[in-house]
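Every chain is named by a letter (A, B, C and D) in the order it is written, and numbering of its residues begins at 1.
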Amino acid sequence: MSKGNLTRRGVLKTGAVAGAGLALPTYLSAAGHEGFTNAPTGSTVTLGFNVPQSGPYADEGADELRAYELAVEHLNGEGDGGMLNTFSSKALQGNGILGKKVEYVTGDTQTKSDAARASAKSMIEKDGAIMITGGSSSGVAVAVQALCQEAGVIFMAGLTHSNDTTGKDKKANGFRHFFNSYMSGAALAPVLAANYGTDRKAYHLTADYNWGYTTEEAVRSSTEAMGWETVGTVLTPLTQTDFSSYITPVLQSDADVLVLNHYGGNMVNSLTNAVQFGLRDRQVNGKNFEIVVPLYSRLMAKGAGANVKGIFGSTNWHWSLQDEGSKAFVQSFGTKYGFPPSQAAHTCYVQALLYADAVERAGSFAPCAVVEALEGFEFDGMGNGPTLYRAEDHQCFKDVLVVKGKENPSSEFDLLEIVEVTPVEQVTYEPDHPQFAGGALGSCNNGA
Amino acid sequence: MFGLDKKDGSLLLIVTALVIFAPFLLNPFPEGSALAQFNAGYPDLMQRFVIFGIFAIGFNILFGLTGYLSFGHAAFLGVGSYAAMWMFKLFGMNVLPALALSMIMSALFAVVIGYVSLRRSGIYFSILTLAFAMMSYALAYSVLATDMDGPTQQGLLQKGLTGGETGLQLTLQDPRILGAQTTADGNIPVPTLFGLEMRSATELVLGDWVFTFSAGYYFSAVVMLIAFYLSIRIFRSPFGMVLRSIKSNQQRLTYTGMNPRPYMLAAFVISGMYAGLAGGLMAAMDPLAGPERMFWTASGEVVLMTILGGVGTLIGPVLGAGAIKYMENIISKINSDILHSWFAFLPDGLEDFIVAIIYPFIGKGWHLTLGIIFMLVVIFLPGGLVQGGQKLAALFRRKKQEDTKSATTEPAE
Amino acid sequence: MDAIILQILNGLDKGSAYALIALGLTLIFGTLGVVNFAHGALFMIGAFCAVTLSRLLSLSHEVAIPGQVDFLGNPATRDVPYVYDIFGEAAGAAIIDWSVPLAILLAIPVMIAVGVIMERGLIKHFYKRPHADQILVTFGLAIVLQEIIKYYYGANPIPAPAPQAFVGSFDFGALIGFEPGTIIYPYWRLVYFAFAVVIIGAVFAFLQFTTFGMVVRAGMADRETVGLLGINIDKRFTIMFGLAAAVAGLAGVMYAPITSPNYHMGMDFLVLSFVVVVVGGMGSLPGAVLAGFLLGILESFASMREVLEIVPGLNQIIIYLVAIVILLTRPRGLMGRKGVMED
Amino acid sequence: MGLLEVKDVNKRFGGLQALGNVNLSVAEQTVHAIIGPNGAGKSTLLNCLVGKLIPDTGSVMFDGQSVLGRTPFEINQMGISRVFQTPEIFGDLTVMENMLIPCFAKRDGSFALHGIRSVVSEGELRDQAEQMLEDVNMLDKRNMHSASMSRGDKRRLEMAMCLVQNPKLLLLDEPTAGMARADTNNTIDLLKEIKEKRNITIAIIEHDMHVVFSLAERITVLAQGTPLVEDTPENIKGHPKVKEAYLGEAA
């Protein structure tokens, strides 16, 4: 094996004052002569994959990294091409990006804003990465997105579900393919109403951080619009592992639905605890008590074991989808790694391809050119049906999957079944929707 | 020199030289070579080296001299960062006022936390400081991050005082008194020193080598040198000697007519201000203040840096900080791909075998390597890296100098 | 009223875990004078004993399912555990179902071995070293242990459900004169509480009523004197370390069904259990147990909506707030002895 | 009016009457020994004098001021220095550094923030410390790590640390406990020398009669928390009550 990894330095910015004091002016590189940060000069281009490799989301990060490696293979014309064959845009030739071979560097976000920015900075400053992508939480996505805006590189968000990523904290250099809290609420509410009726009393347990707040708000407002009543909301610390003291008050209330605005380990534990306390066997107000998990992650759901059975939630993508794009992706991912990809892997793979395609169409790596190419871009064949990258907030609009924990899983990957594919019209909102108000895209930044 | 004796003076000179030439020293490998992966001479990491150096130097003033083990020092780092960010948001983008407020705010916090915690000693003191830091973390992460303007408003406190898990960031709407809200091209302004942008950098290309000189790094480096110099002065002062006597025998000190409590509090506040300064610098180099900076692991990190480098020694904490940050930023970035490229010259089977052996220790396994290094250092070098350096030096010199060694590198307690 | 009783039950349950971990920490600290930052990792390894046993029991061979294909279009297979082949399907399923309680049998020897190896191989060289060195070396060990677990089991939580017989809830209220259905509590959590009480009682009885325990208690009070009497205290302390590891491990095994084990659960508990130990008073076994239950109950009350409406965010800080108040009013925690770990 | 006046001091620990109506007067420039069998309350009394314990009732006046309710460092600042039974020194510091701490305390009071000034520049205090070290014949050990010295040297260092402060009253708590005969004699000589040179007041708690009768000018005998007699050494030697309560028991 001889995969090369040439690191190539990038230049953040040339400061006149700092430069003035230095000797040997002839050796000073005329930084930024291409007019943007880390303009690739050789025969290769470097992408930065910034995923959690340690901490609670390390497995999700590992899956993202697998997807990126697959994407790089496909971009460089190796392997079976995956979604390149089904992607509606045919700009990509399988010869790298703009003829340059795709190289990559990796970093560990540790799912901490600080560490994620440090590793993104090192990829930009040391390795000359032209684009940063990845991540498995909204806090990190927002922090890294702001960094990329400042440094003048493109950020293609990984798994981030908070409204804020393309709401209050949106940035011109940042793009999100993943869906968001609002879309989860909008897609779930009709399904919940159809299955559980419109006369329901909901009790929310919400993780006490930004993503939790936006998800609670989204689910509340869309279920209340259907006629549900919210009888209680309690914030739970992120570090909580035993949720019993939050579950027992639910038993005492007259709620007949429990909404768990939790993700990852929190979701696994709160759901396990809720089932343990017999919530699912309860009868309240003459109805069966129900539990809802607005955002499902199949990888994490595995940790909750049998407890997910029959529980509704939403997801960005699932490997059992039968469209051509999904089938092609599952085929090439499964062949390479031996198991089906997660939704995190899917969104990351798609983001890498979308970026490459935008560069190809723009004919330039310059961030502002890429932004222009992605804004308002409509595409298909990437697993979620026809999709729009909206210019106003850099959010993808596509169908949303409402899923349910499967009663009889046939394998350890077969945990969710798709209940409904909510059409994109139903989850689209105005750019100035109150849940997304505040903040501004600003203008794109080419950096140097 | 500067009121230091010859030994301290030459230490300061050496550190100054190392810091000035760090962009060269940390980039020993030419670009494109397999070993370039180990280069650490890029601005962000160099800044982190000196900033965490400041943090550890300050921590050592408390822990190294008095022996009081604070397990909540990261709280002051976080407070410093938030203070600097608010200064950027409300006042102006110049780093000096921001750093001043960082130090003032962290000093205030340190006075309160120190006054309460210093009523206890030993592990009870450690747990009190830990409790305060964890409360600060929880408040910054959640409670102070809730929208204080009301849901429809979009004011300054839209994400609370601290910005929650993401951290406090600059926005395009910050009402800065001095300076513009946005730059000419519609972006958020960056921290400067009287117009010199902290992120600006210039490059020197010498053959295959590329060296980066970053304004932010040199600014932080100057601050670090001042901090280091002051810490030498404190170590060699009557105040420093009293602090050491507290660690040695607090009872004797009280019966000698001194009140240990204000000495402890002064040391606590000084070291809290060092932490606040480091936090402010972090925000100045990278304008974001995240709550994880206050989590107990961050407090634990500075303890580990200090012990790893050598408790109570002047330079040890800086070395420890450098070692841990190097692991975190360099080792964690080596992936299997890079490994394969290193050993590509070997026959395929052997290559895969060697990669398989090394792989668990690098990249996502960097924590494992860190843990092993902690254990090895503490088992074989009780005096930390400084002792390792001394052993090496002694090996080269082949001379015994027991007396001076024992006088300068007493390990903790 | 019933809400409060439920929160007390929650608190006792949470407190059981805290108390068990803190008990082991205090045993190690009290006997060996070692601050063991790897104690959380021992708890985690215990929980993974449950995961490991359930995986061992579920070791399977593949049997093709005629007429079905998997996600890649290859012929689908079904996993049949070997225990089905050995004991028959019904008995085999029952064995797998009971894997968590069965894991106790695995955990006891494993944990004692881990503890003894740790003590003989590493900790014993640190008795005379400063506490800071002990912290650094055990923290390094904790990282190494959890990274090893992460390497083999991944970072995600792994479910380890309780046996079917313990699924569901017990109508606790009916027993004490409340309306049926008002105070119901999951069987497994009651089992956990009872288990913790038994373990704590056994440890105390062991220390109180056996000669071995008497020597250890004397050693905790004054190590040198006991050593002078010609009693090989070191060997006993090694056994004590194994015992403390076993207590932490058993706490972990039984906790697995309550929250799915993951590799960093030890670190999550570590700081909290140190707070518990210190609040209880360094070196005091009853103090550790008392503080464990006290903090568990207070934490439960602080997470009630009625409380949070008055003091938002109290649930985030309650443990630390209580710790500060207790340490300021009682200088050496609830039951601490003078001069222990004060310098 | 003595330098130190103890009046009607009582101290109870639970059910135990540790001190009962203790009256004691230490005259200026005398060596006053307090003797008594084990458990007589000598250490309790000493702790009441230096602020470690507070008597339940009674008064302790030093140089016309009450010491009650003051902390040990305040009492030291008033002019009482204490030597402990087992030498209490700063083991991590060198001998010279050990000497400088009391010099700082004497000059700067209980707290001063001299964080920038160098210890090396403290010429005057260093001279004082060196002079004192010379007086106790330890100048050659000035750069030694104090923890590594012999017990006798530690004792001498501790006394030097107390004396460099020029205290009005030096409290000695069994200064020769556990010492070999030769060392004990050395200590006696040292104390005699100090007494002659400096003319200071010394209160000494001692078990060893040889030391007591070599040094003391006045002796108070404590038994079961109350003073039995107070007199000159000659009279004490023959006192029947003392023989009965103390010397008899010791034999």
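The criterion applied here is as follows: a residue touches a chain if its C-beta (ideal position, glycine included) is under 8 Å from a C-beta of that chain, and two chains touch if they have at least 3 such contacts.
Note that the structure is predicted; figures quoted are calculated from it, not measured.
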item	value
Which of A-B and B-C has more C-beta contact pairs	A-B
Chain nearest the overall Cα centroid	B
Chain A-chain C separation of Cα centroids, rounded to whole Å	35
Length of the line joining the C-alpha centres of chain A and chain B, rounded to whole Å	32
Chain centre separation (chain A, chain D; CA means) in Å	74
Two or more partner chains touched - positions in chain A	54, 58, 62, 208, 235, 237
Contacts with 2+ other chains: residues of chain D	none
Residues of chain C whose C-beta touches two or more other chains	312-313, 316
All touching chain pairs, where touch follows the definition stated at the start	A-B, A-C, B-C, B-D
For the chain C and chain B complex, residues of the former touching the latter	35, 122, 125, 129-133, 135-137, 139-144, 147-148, 151, 271, 274-275, 278-279, 282, 312-313, 316-317, 319-321, 323-324, 327-328, 331-333, 341-343
Complex interface listing, chain D residues touching chain B	50, 71-73, 76-77, 81-82, 84, 88-94, 97, 100-102, 104-106, 108-122, 143, 145, 161, 165
Chain D-touching residues of chain B, taken from the complex the two chains share	3-5, 230, 233-234, 236-242, 244-245, 247-249, 251-259, 262-263, 266, 270, 403, 406-407, 410
Chain B - residues contacting chain C, complex	63, 67, 69, 116, 119-124, 127-128, 130-132, 134-135, 138-139, 141-143, 146, 250, 296, 300, 303-304, 307-308, 311, 360, 365, 367-368, 370-375, 377-379, 382, 411-413
Touching residues on chain C, where the partner in the complex is chain A	2-3, 6-7, 9-11, 13-14, 17, 68, 70-72, 76, 150, 154-159, 161, 167-169, 184-186, 188-189, 257-260, 262, 264-265, 268, 299-301, 303-305, 308, 312-313, 315-316
